[in-house]
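Right after this note come the structures.
In the two complexes that follow, chain A is the common piece, with chain B as its partner first and chain C second.
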Partner chain A sequence: MAWTGKILRVNLSEGTLVAEELNREWADQYLGQRGLATKYLVEEIAPDCDPLGPDNKLILATGPLTGTMASTGGRYSVVTKGPLTGCVACSNSGGFMGNELKNAGWDMIIVEGRSPEPVYLYIENEHAELLPADEIWGTSVWRTDEWLHNRHQDPLLRIAAVGRPAEKGCLYAAIINDLHRAAGRSGVGAVMASKNLKAVAVRGTLGVGNLKDPKRFIEAVDAAKRVLANNAVTGQGLPTYGTQVLMNVINELGALPTDNAREVQFDGAHDISGEAMHEPRPNDGKPNLVRNAGCFGCTIACGRISTIDKGHFTVSHKPEYWGASGGLEYEAAWALGADTGVDDLDALTYANFLCNEDGMDPISLGATIAAAMELTACGALAPERTGGIEFRFGSAEALVKGAEWVARGEGFGLDLALGSKRLCEKYGHPELSMTVKGQEFPAYDPRGIQGMGLTYATSNRGACHLRSYTVASEVLGIPEKTDPLTTDGKPALVKAFQDATAAVDSSGLCVFTTFAWTLEDIAPQIDAACEGDWDVDKLLTVGERIWNMERDFNLRAGIGGDEDRLPERLIKEAAKTGPAKGLVNGLDKMLPEYYELRGWSADGVPRAETRARLGLS
Partner chain B sequence: MKIKLKLFATLGRHLPPGARRNAITIEAADGSTLFDLLDRYGIDHEEAFMVVRNGVFMPPAQRPIEPLRDGDTLAIWPPVAGG
Partner chain C sequence: MQKALLIDPDKCTGCLQCEMACSFEHEGRFNPSRSRIRVFTFHHEGCFVPYACTQCADAWCLQACPVEAIVDDRTLGVKRVVDERCVGCKVCTIACPFGTINYSQASGKVIKCDLCGGDPACARACPTTAIRYTDADQTGYEKMRRWAARSITAAEATA
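Now for the complex of A and B:
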C-alpha cells in the first residue's frame, strides 16, 4: 500500500497530539504529498484565513514512494496557505527528512493552532511530543540543528527548522532540513514560526514496507534506475555540473533576467556559472565546488557542496563559514547574481550559505534585493534608508549586507523581508516588482522563453518555474524541442507539464527524474507499490484534479483570473539584446487558449462540467 | 573566416590553448560546417547535444550540411539540464 495509513495531528493551541487514520478514498484521488496534503488543507481551512494566524494549518507530507527504494524517493512537501501570496503554498524538499518521517510511520503531520510558547515537535516512531524551544528561539537553523542533536544525543536525528527571519515574519522564510535542503518558496517558514513551532525532529526506525507487490516493485524500480543511469542528462550532466550548468545556456539564449529584468543577458554570467565553480580560485588554488551530493535514495546527485575562499571579504574574519556546505544551485546563483548584477562567486556562495543557515528563499531574497537596487537607481531609495550602503546593481557589498540584515531581522532587512511586491509598493514604484501573485519569478526571462510567461502567470503558488518547467522542451529538447521564441503550442505544453508535475510532486519522487523518465517509467513504480490501478492516464487525471483543486482554493481566497498576469516590463518592454531582441512575452495570445484547454471560463474559473469530470465539488 | 567557439561543461576539455571563459575565436575554412569543427577538435557528434548558433538553437539536421558564416558564434553543450 506504500502509505503508512497514519496521520499525526498536532494542535499547538491545545498541546494535543493525535494519531488519525489516513483518508484512503482521498489517497486514491490525490495520491500523496502535494495533492493529498492540499486536499486536507482545502477541506480544513477557510480560504480567507490569515496565513500567519492560528486558523491556518501547516502540513508536512510524504508521498507513497517516500522512503522506499525508488530512486529519489526521499521527498516531502510543506503545504499551507502562503503569506507571500495568499495562495495555496506547496514547497517541496529533499534531503533526508521525508524518508525519516515515513520510517517513523507517518504519512503526514498536520499542525494547527498556535502554541503559547516556543516549542519543537519530537517524533520517535509512534512516540510524539511537544518540547520547550525557549533555548533555541531566536537562533539560526544551524544552531537549532546542533542544539537538538546534542539535546537528544542522537546524530541520526533528522531536523527541519526555521531560523530568525521566519520568527520576525519574513514573508519568504523557508523551512530548512538537513542543514541545507529547503522547502524554500512562498514563505512556509513564516507560517511555521507564526505557530511558535521552531523545529520538527524525527527519528524513524520502523522501515517502509507495506508495498502492494514487492517483487514487481523491485523490478519496476530497477528498470527505472537503469533509465536514469543510462540517460546522459541524469547519468552524467546533472551529477557533474548540477543545475548551475544552465547559467551559460540561458545567457546565450538571451533569457537570463539581469538587473531586475531590465536586461536579458549578463556580462558576468560565466563568472558565476557551473563551469566557474570548477575552476581554481586565484587566491588558494581551490575550486568553489568540493563535490556533488545526493538526497535520500537519489541516483542522480545534482546537489552542490562548496566552499568560500577564506580570504574573501565576506568570511575573512568568520571562520565559521570556512567549511564546506550547500552550494549554489542555478536559481539561487541567478537571483543572488545575475538579477542583482553581482558577478562575485564567493559573495553569492556566502549569501547562499546565509539562506541555508537562517532559512530564506534565495530566489525571493535575490529578486527583492534586485528590486531595491532598481529603486535606488531611479532615486526612490537613498543610502540613508538602506543602512548607509548604496544598493547599486553589481554591488557585492549591498547583496551581502542585505542578506545579513534579513537573516538577523534588523534595519533595512525588515523592508527587504517584505518581498519585492510590498517593498516596491512601499517606495512608490509597484511596477518595478518582478512578481506574479506576490511571488518573485525565477531565472528564465519570458521574453526569451515564451512558455515560461504562461507558466509564471498561471502558477497556483505565484511565479514559479517548477510548476511547469517548459524550459525542458523549449531549451533542452526534453521530451522534444520546441521554439522558445514563439507562443504557438505553448498553452498545451504548459498544461501538460502542469498536470504531469502535480502527479510527480504527489508521489514522493523528485521532479528532476523527468529529464529522463516519463510517466511511463513512474506509473509502474506507483502501481506496484500502491493499492489501486495506477497507470499513466490515472496519474494525468490526478495531476489535473490537483491543479484544479489548487486553483479553486485560490479563487475562493479571492485570487482569480485577473491575477494571471505578468509584470508590465515583460509584456511592454522588449528584450534589448540576444535572439529575443524586440520581443515581449505574448501572454495575451496564450492565456485564452490555455483557459479553454483547461475547461475554464473566459475569466479563468473551472466550468461545472470540468469540476464534474474531475470529481471536484 | 572567424568563428567564436564556446564549449561548455565537459566539452570544455576540447578547447585549444588560449581559450578564456570557455571561449576562443578560431579561423575556419569558408564553407565549414559544424561537424567539420567538431571533427577538428575531436568532439563526438553525439556529445555535442545542444548547439546554439548566434543565440538560436541549431537543429541536428543542419549541423552536417549548413555552411557557417564569418562572425558566427557557436555555443555547444553535452546533454545537460537544470531547474
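Now for the complex of A and C:
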C-alpha cells in the first residue's frame, strides 16, 4: 500500500514494454525512490558497464508518499550509473512528474537498452508505447514540451525531456520536467539521450490511494504541515528568498567559493543574492523575482519564478526569453555567479534559463566555466581556443557565451561539456578542477564549513551538498548548532545526515522539509501510508543500508577509498579572508573516524559484520 | 448565512494541495484529474490561478438539465448534482459558460463543486490562504480593505 505495486519495464533495443510486480520484500528494505531504484540498478547492471552504453539502465522512480497530500510529496528520482563520475548517480526532481507517474499507476519505470531510432515514451495510465521522436530530436526541452503538448492535444500531459546538450554527450546534461524542474546532477540526461530516448510524457488519472490508515495519514500530514508553516526557515525564509536566502549568509561566513575557489568571499555577493532578486531593476523598475512557486504538494514553495530585464544585452533581441521561467536557486546563483566572479544578476538568470531550456546542471556548468576562467588566468587557455572570447573571471560575456555553446553543442562548448575534471586534464592543469570523483562541488567552501569537506569527499555520487547537508547544523543550528570551523564531531554528524537523507530521498518527500522536520515528523506519515511498521529506527537502518549499497556499487565499479578526497586547493591553500582565514579543510582528521563510525575498513570498505548487520549480500 | 469560495490568485503557489484535498474528499483518492477545483499555471507570466464553480444564483447548468439532477441548496448557496438522477447527458457542461461542471468517465455522471457540504476541503488544505471560505455577501471585503489602506498611506504622505 502507498506503493502502486507496479513497475513498467521498457526495453528500447527490443521495443518492448512490460508491466511487472514491484518486489515488496525490497520495498520493505529500501522504501522507494532513491533506495529502491538503486537496489534494482545494482542487481541488474554490471558495475563496470559503460554509463553511456546500452548495458546501463535508467530508472525513474517515485516514493511511497509521492502523489499524496504529504507536504512536498511529489518527488521522483532518476537512478543510473553516471557518466560524469562512474559512480551510482541519483538525481531528485520536484515539479509535477513524480505524482503524474504515480497517478498513472506506476511506482517506477526501468529503461533498458538503446533504441535504434529516437523515440519518446508515452504513458496514459496502464497504456504505454514508444513513439517516433525524429521531429523533436535536436531540439530544446522547451520546444519538445510544446511539440508533445500539441501532438497529443493534451495540455495536462506532464513531460520530462532532454535537450541538445544531452544528445551531444554533455556529461552534466540534466533531465528537465515541467519546463524548469531538473533531475539535475551527475549527467542523468546524457544517459537518457544515449538510449535515444528524448522524452517521457505521462498522463495519469487513476489517483493515489490504498493508504494503510487514511484517517491517521491525514492527521499526521496535517500535523507535519503545521510544523513547516511555523518554522522560520520553511515558513518564512524559503518562501520569501528561496534557497537564495543563503547567499549573503554564506559569504559573511567566508565559505562562498569565489573565482574557482581561489577566494572564499565574493564582493558581488549582494548583487546576486535573494534580497537583490526582490529589488527593482534600474531599467524597467521590476524585480527579477515574479513570485515564489511550489512543486506538487509543497507547502513551503521555495521555487523562484523570475524574468530577465528585456533591455539586458543577453535578451534584448530575443523575445523568447522575455517571459518568466524558473529563476536562480542558491547553488545556481553561486556557480554561475560567485564561482565565475560574475555579479550581473540578469546574466546569471539568462544562463539559468538556458539550463532550464536545454537541460544542463547549472552547478557543473558554472564550475566548469569557472575552471576555464582559471585556465585562462594561468595562461593555459588562450582566446583563440575559446571562440575569440577571453574567459576572464567576472566576464558576463564569457559566462553567457559558454552557456550558449554548451546548450547548442558548438565550438568551445564541446570542451566545456566535458565538465571541469576532463577540461582541466585536457589543458594540462588537473589541479584546477574543483571536483570530487569527477563531479563539481557546490556552493559551500569546506575551509569555512568543515563538515562539508567530509560531505563532498564521501558522497556516493561525487561532490554534492544534498547527501549530508551539514550546513544545516554548522550554519543554521539545525537540529543543533556546531562550530563550522572545527572538525570535531563532524564525522558523526555527516554519517547521521547521510543516513537520514537517504531515507527521506526514498520516501517521495523533499529533503528541504528537514530544515523543520526530523524523522520523528516523517515516520508517522510513512507509517500511516505504508504496509509494515515504519518508525525512526527503521528509517535510519534503511538509510544506512542504502548508503552502504551505493558505496558497494561504487567499490565494484572501481571507485574506492582512495577517491574519498578533496581538490588539493581545499586542503593546502588556506582561506585568505573571513572567519576561516588561515584554515584549510581538515579532511585527514575526519575521514578515518568516519570510516570507523561507518563500520568500514581503514581503506573505506564495509566490513563483513557491517554488511551482515544491514542485510547486504 | 451563505458562504462562498474566495480565491486570491496572487497568493497561489501552484502546489495543488487543493486539488488533492478535493479529490480525496469526493473520491477517496488523491487524484488531481478528478478535482472540482483546478489550478491553472500561466508559465510565461509566472501566475497560478485556482478556479472553481462560483455557484451562480441563476445557474445555467441547473436550467439546462433535462432531468432536474442539479438542485439549488439555498441554505448553503450551492448547486448540487444528484447522482441518482444524473444521466450523464453533459448538456450542463455545454450550458455552463465557465467550464466548471465536467463529465466523469469513471462514474458516468457530471461532477462540480458542492462546497463539501459547507466545509470545503480545498480551503482547509490551502497553505497560503489563496482559497478561503467566507461570507458570500462580503467577498469584496478584503479588497476594499486594501484600497481603504491606501488612503491612510496617501493621508500620511500629505501630512
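Assume the second predicted complex is superposed on the first by the 617 of 617 C-alpha atoms of A that agree within 3 Å, B and C clash if a C-alpha of one lies under 4 Å from a C-alpha of the other, contacts with A are read in each partner's own complex, and residues count from 1 in each chain.
Keep in mind that, in the parts below, contacts are C-beta pairs under 8 Å (C-beta built on N, C-alpha and C of every residue); 3 or more make two chains touch, one makes a residue touch a chain.
Not measured: the values here are computed from a predicted model.
When both complexes are superposed on chain A, chain B and chain C sit side by side without a clash. When both complexes are overlaid on chain A, the residue A:Ala324 reaches chain C alone and has no touch with chain B.
Using the contact criterion defined above for the overlaid structures, shared-chain residue A:Val245 touches chain B, although it does not reach chain C.
For the combined model, the angle formed at the CA centre of chain A by lines to the CA centres of chain B and chain C equals 80 degrees after rounding to the nearest 10. Contact with chain C, but none with chain B, is seen for A:Thr307 once the two complexes are overlaid on the shared chain.
Residue contacts after overlaying the shared chain place A:Pro579 against chain B, while chain C stays out of touching range.
After overlaying the two complexes on the shared chain, residue contacts for A:Pro430 are found with neither chain B nor chain C.
When the two complexes are overlaid on their common chain A, residue A:Gly394 makes contact with neither chain B nor chain C. After overlaying the two complexes on the shared chain, residue contacts for A:Arg291 are found with chain C alone; chain B is out of touch.
Taking every C-alpha atom of chain B against every C-alpha atom of chain C, the smallest gap after superposition is 17 Å. Annotation: chain A has no residue touching chain B in one complex and chain C in the other.
Contacts from chain C toward chain A in the complex involve residues 13-17, 20-21, 23-24, 27-34, 43-48, 125, 127-128.
Only residues 231-234, 236-238, 240-246, 248-249, 252-254, 270-271, 274-275, 330-331, 465-466, 469, 471-472, 475-478, 481, 483-484, 511-512, 515, 578-579 of chain A touch chain B when the two sit together in their complex. On the chain B side of its complex with chain A, the touching residues are 6, 8-10, 12, 21-22, 49-50, 52, 54-57, 59, 75, 77-83. Considering their complex, residues 67-69, 71, 96, 99, 103, 156, 179, 204-209, 214, 218, 225, 229, 239, 290-299, 301, 303, 305-307, 323-325 of chain A touch chain C.
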